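What follows is chain A paired twice: with chain B in the first complex and chain C in the second.
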Partner chain A sequence: MTDTLYYQPKSVDEALQIKAELGAEGTFLAGGTDVVVGIRKGKLKVARTIDLSQVPGLDGIRRHDGFLEIGAMTTHKALEQHDVPAALAQSCETVGGPQIRYLGTVGGQIGTASPAGDVSVALIALKADVELRSAARGTRRLPLDEVFVGPGKTVIADDEMVTRVFVPLGRRSDFYKIGKRDAVAISLVMAAASVGPAGDVAIAIGCVAPVPLRIKRAEALLDARGLSDEAVDEAATIAREDCSPISDHRGGADYRRAMAGTLTKRLLSRLREVTPVKAKPAESSAEVA
Partner chain B sequence: MTNASGVEEQTLTLPSEQEVEKLRAAEATWSLSFTLNGESVELMVDPTETLYDTLRERLRLIGTKGACLEGECGSCTVLLDGKPVTACLVTSPQVQGRTVVTVEGLAKDDRLHPVQESFIACGAVQCGYCTPGLIVSAAALLAHNSTPSVEEVREALEGNLCRCTGYTKIIDAVLEAAGDEPAVMSVGGEK
Partner chain C sequence: MAKRVKAKLGFPGHIESVEIELPPGEPAPWDADSKLAVIGKDATRHDALAKVTGKARYTTDIKRPGMLYARVLRAAHAAAEVQQIDVAKAKKLAGVKGVVVLPVRNARFVGQPLAAIAATSEDVAARALALCKVSYKTRPFVVQLDDAMKAAAPAVHAGGAGASAGAGKSANIRKSKSRRRGDVAKGLRAAKHKVEATFRTQVVLHSSLEPHGIVVDYKDGKADVWCSTQATFAVRDEIAKALEIPVARVRVHAEYVGGGFGSKFHAGTHGLLAAKLSRQTGAPVRLCLDREEEQTATGNRPDSLQRLTLGADARGQLSAMKTVSYGTGGIAGGAGTASPLYNLYDCKSKAAVEHDVYTNAGPAAPFRAPGHPQGAFALEQAIDMLAERAGVDPIAFRINNDKNPVRQAELRRGAERIGWDARRNKKAGGGAKLGAHGELRRGIGVANGLWYNTGRARGEIHVKLHHDGMVEVISGGQDIGTGARTLLAMVVAEELGLSPSAIRTHIGDTSGPYAPGSGGSTTTPTMSPAARKAGYRARLRLEALARKVLGLGDDAALVFADGKVQSKDGGKQISFKKLCARLPEQTMTFSGPRAPNYKAYRETTAGVQLAEVEVDIETGVVRVVKIVAVQDAGRLLNPLTARSQVNGAVLQGMSMALFEERVMDSQQGHVTNANLEQYKIAGAVDVPEIDVQLFDVYNGSNSTGALGLGEPPIVATPGAIANAVYNAIGARVMALPITPARVLAALAAAKKGGAR
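So, the complex of A and B:
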């Protein structure tokens, strides 16, 4: 391979081959809204760029087998304009301004692994899975919340890329973001929740831990006891207990912790009020979860 | 050299234009072709430079402004395949084979785009730094939606900051320009 610093593969296989050879030296470039800003701010060192813009077949949204399949290069704007679950649409609408939403992609949002990733929080609360692919080992599929291990850290291997996201259909969902202003603002705290056709609940909260946080203890409680007032209150208490927020220039840890509870309660109460949609039941995501 | 108050004076020597050109040419190892304002362009770029740099520094299209260079302010907004994006976040090789329209490309023949006309008529410009980006964002909106509500105009301009005007006259100008026939409003390059 030549010593170019910038690669523009024309297929997924070629991209994976280059990535396998470069390993940690190679950085995928999708919409660039994190990569280019990171380089500019001096926070990100990129030795070699693997530009995915000329790779066909990585974007697009389709319904298949009870899931919404979203290609990694699908932009936030494309999702917002498509018929997708409520929490996903709402999270995409709140990312940056229109120019950022036309560039930023789902794959990039996952690759960035920010605890403030609005779309990641919505996807986790929708019990989404991620498909990872490498040249050597083919594909593997795992729940999105198991992908994140810390700010900017994931279990994605050095030779792997995100190829698709699978969102189970038929879940009612909602998303709520608190930011400093309405547009182009990173979240101060944000949360999403969903209820499945069988009544199972999922909750995720952003900006309150090193990763977008799934509140599994609260989910288990609600699955056992339903969305009664008391159970919802207890779930909110658990959300406050299970988070580990920090204070920064956007807001204090105490405020974030309090809001983790408030948003949990608000989302669950709203989901309870809405009459259940007659959703096509999702193929059980248990087999992959 | 020391000045009257005893402070060492620095003489600043700027590189000549030829020297700058030479440096840029040395970095330009990537061959790029795309459609710019209706014409096909082929040139050599540094693959790590942004579309903002290529437009302004190599192609001398200085209508596109830059303030933050981090995607926050929208002053560098251009249309990529008909969609508004911040040119400071796009690497130039990403536009290979695609269509870019800058503020310079909105006028047709000798006629300004209706949004440009109405920005002048409504006094929506003060210092003018944000204006090209706002006009491009507004033109993108009106190309799809010829009769937007105030709310839709606000949403379309959400990613563009203006430090001078307070936005009222900008929104008035976009609403004023709305309603023209689609042919006039077309911005081209849409996929």
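So, the complex of A and C:
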């Protein structure tokens, strides 16, 4: 690569302006834990880098209007140390090792669009929305599960960026990950689920489809029938049926399919029984505007 | 003149007085009665500070003026005729200084070295590689053991040595070793209880923290070489041969080595390429492999397919043991796994037949107790199966069938440490339902292990006394992380009554005296007696001097302690330093050649391990909770580093049991996880509690009585974990690694079997 260019915008507007000019050529750089690794592996050709680290206002967590608003540049570590819904905290705690969590961001997680994205799965199961913004069209807000269309593929337009994620408050949630080992391991399979104040259920499973998979058919069933033993069993069956896993070096498709059911059941049973409490030191729950 | 002495050998509770014939001039072995000041006490590694502060310079850290950086061009196909290697374009790239092309006619695995390029930077060398054009005529290949064993399989060594397709048989199978004693058929006929079972283990990669690397600086018919190796002198000889110069003109440095585990006994093709590039360019050449090359082409622990048949009489006494094993280490063999079966347990009839199977993958290399963890994984599960059929407790079964008193005592100690009687499930899978939803089961298992080496009569150590009282210990051998450097200082310190920190050890430089490669766990039992011999000779010289200086008679006994030399009654004394000042020379060197072994208490090293695991029966995830490792270490020299060898081996064995596996792509023929991201090794949070129980066994086989400890403690680990899994869930996992999917499959099969 001879003519690589590096941009360091100082505002969201400037970043969007540059992105609009470069289109698909321009790559946002957040924590770089996917981008840099991709470049070094030769999988990613990046000629134009737009570094978001100097853009003010893109990070931070705040409660507003019944939602937790999370800036795109918020790191996994910051979320882990903040008072956030259980599934989100747990998913952040399992991303890579501490070094990765201090760098990796929510925006980068969504931008990467990996079916193994732990935080994406947790956010989907929390019924989170995403805010996308472009210079030309301003902002739009859509459910996170509608953002992903395939491995590394999203509906985010070439001139758009992720600015914020909105997580509805008041949902009880849980997350469960199986990796090849217990830390610094991309998931072999993982899942998250939540129950809203009105009893509505959401379930998402990772590594069992080309995208982090929301199991809407099971959700509908549970919304209609509640978390009875039979309904939970049926939901697990649906989860197994609705996924389309592949086999790779981490594990086999059969195992992943089986776990789609097992984890669905496990998470729903836990949600039925207890509300996972997340105790975190008070100082770290200070709100950042 | 050979001398006979009585030595107290054995282990606490089992001490015997044994008569030993000492080779001429050798000191009597340290035995149970020896009162030692330094030996047997924890000593921190002398290089610990240098290592943790980054001061230690490994091969990758070496920079020479004008040094070039080399990279290796590697085969892109698993089987192909190499028609042409066109390096013309690469040669023209600015910064490229040298190219060496190997005379390879047939590529037999993806990653096989074809050529190497030296350039002004790693980056230029990498770009030059991309400019090379190789024309291949590809051929069918085979990368999986089972495929390679089929009669119609492509012959891996076709077009080269080793191609011999027999009628209806795969050309890739070579019977490597066959051992037999007694009449197995008869033993099986006599058996009341029988077990026939097939086990599989995976290909495991050494994954040393420091990949293979070398720097060769060849000038004026002389070469200085820095190499990450576990055999400095073998590398010296190989480089000398490649450069066609006498061995004395090559000096190999390996002061610090970031692990080897058996994969670093040779200069390697890349090493010879670096030497040739240095000669060609007249400049120092550095060739350090990257992780992908390391995980593809520098060695592996072969996989295995083992069919075991065991028989026992009504009382649970073994009557026949048989194994037929196959395994592939890629294009080169060494896949035997039968030694544990052949060497553990007392049984009148045994048969062990081993086969190496060739596949189009990188060659095998020795790996920490070659063949043994695999063999013990199969054997120790089969033993448990047989014990269960005979209705005998697994530990009692082992004690009944193995007269080795050390292992018997170790089993008893291990049982006590893990709470065998109280905490193990009487019925496999019948334990309490633990966890939030009753999804967890705990289990406890045991496995035996053994190893063989009491050291070799090779190599020598020098001890230098300086007139200022400084003592140096010199060896041309290496410390690959086992703590050899510290041990040598300890042994000499003991002999001279000094503190180990007062002694400077120089190792990893072939200008020092010869030492064999660090293999077979022989480094400590080979080098420590040589060090003692050199120290002993220095002491004899100092004793003569001290008697004169102190005005004592010729036979007066002297005590060397706390940096002083004194008469036995303590009446007369002189400091070690002052005594050295009276030496007739500024510096005196004492050489300690390694003498032949004395009579050993036991020729083998015994070890047993007990594992406790927790299994999630819904997800199949296994967590190792605890390992009790009871290990014979011969005469313990440094318990601190001995424990760390056991810890390391248990971790590596645990990682092999649960996580590690090289995966080959059957369609493309390459390693799909040639990195540490996808080739997962156990991490910090996977580490169980490890209860290391060192057994001080006064061995008497040499003057220090030490045995090697690098390999033995990995042998039992996977088998103990597998038996614990069975005890937890009542289903056997017959293949490594014990993945969640395999656990669930075993559970499903057991359920089906039970319903039938």
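In this text, the second predicted complex is superposed on the first by the 270 of 289 C-alpha atoms of A that agree within 3 Å, B and C clash if a C-alpha of one lies under 4 Å from a C-alpha of the other, contacts with A are read in each partner's own complex, and residues count from 1 in each chain.
Here, a residue touches a chain if its C-beta (ideal position, glycine included) is under 8 Å from a C-beta of that chain, and two chains touch if they have at least 3 such contacts.
These numbers were taken from a predicted model, which means no experiment stands behind them.
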Between chain B and chain C, whom does A:Asp51 touch in the aligned arrangement: first, second, both, or neither?
first
Which partner chains sit in contact with A:Ala224 here, chain B, chain C, both or neither? Use first/second/both/neither.
neither
Under the stated touch criterion, which partner chain does A:Leu5 make contact with: chain B (first), chain C (second), both, or neither?
first
May I ask you to decide whether A:Lys77 touches chain B, chain C, both, or neither, giving the answer as first, second, both or neither?
first
Quick check for you: in the superposed arrangement, does A:Leu103 touch first (chain B), second (chain C), both or neither?
first
Touching partner for A:Leu29 - first (chain B), second (chain C), both, neither:
first
Which parts of chain A are touched by chain B and by chain C alike?
182-184
Given the complex, residues on chain B that touch chain A span 30, 47-48, 50, 69-72, 74, 77, 80, 83-86, 88-91, 93-94, 96-97, 137, 155-156, 158-160
Inside the complex, what are the residues of chain C that reach chain A?
436-437, 439, 618-621, 623, 658-659, 663, 672-673, 677-678, 680-686, 739-741, 744
Flag every residue of chain A that touches chain B in the complex, lowest number first.
4-6, 8, 29, 31-33, 36-37, 40-41, 49, 51, 53-54, 77, 96-100, 102-103, 182-184
Touching residues (chain side chain A, partner chain C) in the complex:
178, 180-186, 188, 249-252, 254-255, 258-259, 262-263, 266, 269-270
